[in-house]
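Chain nomenclature is as follows: A, B, C and D, assigned in order of appearance, with residue numbering initiated at 1 for each chain independently.
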Amino acid sequence: MGLLAQGIVSGVLVGGLYALMSLGISLSWGALKIINLAHFAFILLSAYLVYQLTVSFGLDPLLTILIILPLFFLVGVLMQLFFHLARVDEFKSLIVSFGLLIIFQSLIQTTWSADFRRIGSALNPYETESFFIGSVAFPLAQLMAFVSALLIAGAMYLLFTRTYFGKAVRAVAQDPEMARAFGVDPRRVAVILSGLSTAFSALAGVFIAIGQTLFPGLAVGWFGIVFSVVILGGLGNALGAVVAGVIIGVAAGVATILWGPLAAPLVTFLILIGALLFRPEGLLTTRSVA
Amino acid sequence: MTGRARTLIGFVVVGTALGLVPNLEEILTFPRFYLIFLFTIFFWVAQASSWNILTGYSGYFSFGQGAFYGVGVYTASVLVGKHGWSFITALPIAGVVAGATGLVLGLVVFRVRRLTGEIFALTTLAVAFVLASVARLSPSIDGGTGIFMTGTAVPEVLGEFTTAVYRLTLLIALVAVVTAYLIHDSRLGWGLFAIRDDEAVASGLGVPTFRYKMIALGANASLAGLMGGLWSIQLGFVTIDDVFNIRVPLFVILMSVLGGMRHWMGPVVGAVIITTLADRLNSAGLADVNQIVIGGMLVVLALAVREGVYVRMRRRWGTTAITFFGVLVVTIVLGINESLISDFAYAMVATVVVMLLPERAWDQIRRFFGRREPGAGDERAEGLTRTGS
Amino acid sequence: MTILEVTGARKRFGGVVALEEVSLSISEGEIIGLVGPNGSGKSTLINLLSGFFPADDGRVEYKGTDIASLPAHRIASLGIARTYQIPRPFDTMTPRQNIAVSYMFGRQRHALGEAMAAAEQWLVFTGLESVADVGTDQLTLHQLKFLELARALATAPSLLLLDEVLAGLNPTEMNQSMEMIRRIHAQGVTLLIVEHVIRAITELSSRIVVLNQGLVVADGAPEAVMADPAVVAAYLGEKGRSARD
Amino acid sequence: MRQHRRWSYMAVITTLALIAAACGDGEGGATSTLAPGTTGAPQTTEAETDTETTAATGEPIRIGGTLALTGVFAATAAIHQATGEVFVERLNESGGLLGRPVEWVLLDDESTPDLAAAAYERLITEDEVDLVIGPYGTGNITAAMAVAQRYGYVFPHHTASLTYAYNYECHFSSWSTGLHPNITNPNLLYDAIESSGTPPETIGFVVNEFPGTMFISYGQPDTDEGGAVAEAEKRGWEVVLDVTFPIATSDWGPIAAQIKDADPDFLFIAGLGLDAPNIINAMQTIDYQPAGMFVQWPAPGPLLGTEGADGIMSVTIFEEHPPFTDDPEAVEVAADISQALADSGVPYTKVETQAAASWTAWEYLQQAAEGAGSLDQEAMCNWLIENGADTLFHGNIEFFPDQQNYYEDLSKIKQVQDGDWWVVYPSEFAAPDRSVIYSP
């Protein structure tokens, strides 16, 4: 029983990380109509930067957020401007951003070598910290990832539903021309949104750096999970992404406990297919954008 | 109609010519690697062309290529590697099983109206993951130990290993391209184009959308699986993670987009370009640069050539031919490279560069030669116009 | 003789009732004007007749066969064609190719080569020769609506459903279009025309059917129907609305 | 349209850049003499000057091979690249091979078997290299070996894990695990554990679903003989946990939970690369530390930085401490390799199994050529089978044709103690006053 509980808890928490990794892609896809594979590179790049900052300057991994997030917001802004100049549509974006992904990956390998990089326990106070409720452990790093995912999702929800900017985003997502007619500058909206989503990916990178060992090939392994979360949650739906992340995390966790780790991917993707067949618009019917 | 006859004859000629290459090996004394290089291209031509039948023609964007390829690889591997079937009997079965997989998938997804666009794309992606997990779980398929295909016997009549693989890949590639071509210039093809543009309207005009989509998916899956089954002996040691990964689906997309998805020749051109570049850059020992340049090419070509390289080549076929063969001859005569493939790569790169020259530069060139060719505006229309019109 | 017999057709989307209970009979050679305020169910009826979705209930008999649950392409092959209020051309194809496609499929199958040649006659009929081989994005709304007509005609229909072909046209274009519709009718095609422009509809139609909130509120000769108090009631709102926009 | 044109210009520029890049292959391998790929230009030039200033004269001998310079295996492949570079460099300094300078034509196989196969075809038939050396990674080695066999090339290779499958009469594995590592490796470990005095009563297995680790854990697929699990049962140890996980596992929490739940006296991690650090971390976070742990083929670096990894065991062939460092040449070579690793930006630069196996493979090639006195593949192959090889890190190696050219299992057991790896068993190879630390 305690075993199952632990499986569920770690599933829920890791779901937070999945959500965090998926937010950026989900938003840019749902709201900007750009399937941006480069986000995988941003997550990885941010993780490597966190590693570097921590190792070279002995910074607390969490403190690096202060540098990482603004930096990647800027990256996102620039990238959106580039996409805008290049008139990248939803379809082309897949190829273009895949090109960018390859480029970033090789740059990472040339910079940090192909070998494994890890923030040693000495510099990483969060690596294995966790607190307990009964016999069930709540790993600190994962918990932080989960909470920040929740906070971001909540913030995005409020942003989209309560603020003028949010309405502008919806308007742009539905019909840029109409939005322009109502005095919304689609490009500005897009640029800000792209900055945000890139920053979210970067944040995911921070927690990856804290919890995992880095190597250039890491990013490709995320495709399956992240796309499952994005679709399950509904394009551009931040809250949906969190729910989806948790569902997938828990499903995989429970499957691992009951039928062994090999069953986990099967269960995950069967859930995805089921969701695609019966709720293609995502779990939460209210699609916040798109 | 005569146009079609000519094209079909063209296929026969090209096919026989390529088919004879191994026989010329002794006479021309070219390195055996040329055969491997060519059949690698054939592999990708078949994959990209078959993918384009579904995605390029009907507009249903599929990540399923990896799944169909994987089913093909594993069908052949299990039959040959685990049950000792003869490879040549297992091969067609690989195609059939993959095709069946495609049709089952189609029965489900094409019945769900909302399942279009990216949702369809990701369903197909998920299917690949599920199949991989199934292969993991079931020892009768793989169960993680992998399957050895090294030393698989190929029929004597096809020659020794490399030659046999060459001839088979060529055959399958031809089948794929001819299929793509015949569909392209038929009611089926036009029905698919109509579906791509506006499925509702198409069915309103009498296009049997469901059946046509099933046919396209079936053709795509079985061709992909057939080539997959063949490729299992090239892999030598078949493992889940080498087979069911993102490589095949991504590369067919890149190749088709690069070459152009509206015309049956597009994927062929794309496959040739990307395979050659990857091979030559790698052989230059520039592992990282290789990746970066490929990435850069993708970005820039995707942005610069809206309709795909092939459409421009078709518009400027004269220039294309002159540049390509010009550079080819020059490099060969001057003996710049040790390898014919490098000469080929140079010629190809030069051609692509010329294709990329912006319209304004073109007009000047034309004015210089005092020739009139269609202007910039026609490119789109040109992209639309197909044989028959 | 009757070509189309709709009896007790119902359609609801979720809670919303689109067609309450519609019965309607069309005989060969008629031009039926189908009018009614927005949301009265005109477009729903057209979609239902052309097989975009099946009826929840009721029969739709076309030349004696029940087509209520047939898929769109089967209905097309039986000889019912339609146009769209907002033109929906195949936009990676030229007008010629658009027409060729519908000729290829449509009522009976034709080969590709044949179709390309046959397209010419419809291009001429609708006067689109000049733009036959350009991208559809270079056509005016007027031309696009004619392309809709050409494409529908190329399927050789015996019943043609026209969804607001006149909307958004200037007077001259409108007259051309009405002329076109008469010529189509002259070829022996039965027409069901959904239209807001009352002048045009009364001029064209041999009979007018008025829908309101999914119900047939009037059915008869144009003058009689337009005088019908129920119709006036239904229409005043409509008039006011069209005055505002 | 303007945008469009701008992109077109950019396209032209990149494509030209591409040509520049592609030009490299004009002289085929010659430009990639030593260190192409990740280590970049500096090494290359340096290397070239070396080949010039060497005593060796005449047409260079070209040795072809691929490595996973990019892709999933790239991390470990980097070690093999650095080792190969050092070997070739030292060989050329000491007069080359058969008096001729040596060039290493190294291609990237992108960690993909079919690319590896194609690359070897290319090396043999187009670049017409004189000798070949194996790539890294079981799948790639298997694919490459098929090619070498087709052309009758002597095929020395390191780190191919599926010993039972290699029956090419001219393949020579430098990873001296013997033909039956699925039996000898576990038993070596189990002896080591028992040498500590208190054998475990229960043992748990977490197995990466990777062919090599499956082979070690469950034995040969068709015969199912041997395997760590069966061997443990033979010793009367109760197997309380037997979990197989997919190679791409992203959430280790549940697996750790299962381990904690089963609480074995000893945990056998049949994993590679990062599996061990990941599992240990997950166990740490749920506050669990097994009494003893073993991991089959870990990446050595990350484990040392990992909290809770202390006491974990693994197999090795060479570690940088006595008695292995009694031979001054071994020390010197190890130093060179470490330097090369450092130069190529690899964080963990200690020489151990991977580098040692890599070095030995090169030695096979060199000794075969010198022994046969020619580059005739058949002669080289026969010479090796008849005379075996005298290696720096493995000592004398013989190749038993009746054992598919394998020798005995020369593995040793190493253990992380005080934050570093030490060989602890068998005792004659153990580091000074080091022994197995294990108490259930």
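Simple rule for what comes next: a contact is a pair of C-beta atoms (placed from the backbone, for glycine too) under 8 Å apart; a residue touches a chain by one contact, two chains touch by 3 or more.
For clarity, every value in this text was computed on a predicted model and none was experimentally measured.
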Shortest path length from chain A to chain C (each step joins two touching chains): 2
Pair sharing more residue contacts (C-beta pairs) when B-D is set against B-C: B-D
Reference chain D; chain at largest CA-centroid distance: C
Chain nearest the global centroid, as defined over all protein CA atoms shown: B
Distance between chain centroids, defined by C-alpha means - chain B, chain D (Å): 35
Chain centre separation (chain B, chain C; CA means) in Å: 43
Whole-Å separation of chain centres (CA-atom averages), chain A against chain B: 33
Separation of mean Cα positions, chain D and chain C [Å, integer]: 73
Residues within chain D bordering two or more other chains: 7, 38, 69-70, 209, 244, 246, 248
Shared interface positions of chain B, touching two or more other chains: 133, 136, 288, 291, 296-297, 303
Touching two or more other chains - residues of chain A: 86-87, 106, 109-110, 224, 262, 265
Listing of all chain pairs that touch each other, if any do: A-B, A-D, B-C, B-D
Interfacial residue positions of chain D with respect to chain B in the complex: 1, 4-5, 7-12, 14-19, 21-29, 31-32, 36-38, 69-70, 105-108, 110, 112-114, 117-119, 121-122, 124-126, 128, 138-139, 142-143, 145-146, 150, 162, 165, 209-211, 214-215, 221, 244, 246-248
Contacting residues of chain D [partner chain A, same complex]: 3, 6-7, 38, 40, 69-72, 74-75, 77-78, 111, 209, 243-246, 248-251, 253-255, 257-258, 260-261, 273-274, 277-278, 281-282, 284-287, 299, 301-302, 305-308, 344-348
Chain A residues within the chain D interface of the complex: 2-3, 6-7, 9-11, 13-14, 85-87, 106, 109-110, 112-118, 120-121, 127-130, 132, 137, 139-142, 211-213, 215-217, 221-222, 224-225, 249, 252-254, 256-257, 260-262, 264-265
In the complex with chain B, residue positions of chain C that touch it: 50-52, 71-73, 76-77, 81-82, 84, 88-94, 96-97, 100-102, 104-107, 109, 111-113, 116, 133-135, 151, 155
Footprint of chain D on chain B - complex, ascending: 31-34, 36-37, 40, 133, 136, 143-146, 148, 150-151, 161-162, 231, 234-237, 239-242, 247, 277, 279-291, 293, 296-297, 300-301, 303-306, 336-339, 341-342, 345-346, 349-350, 352-353, 356-360, 376
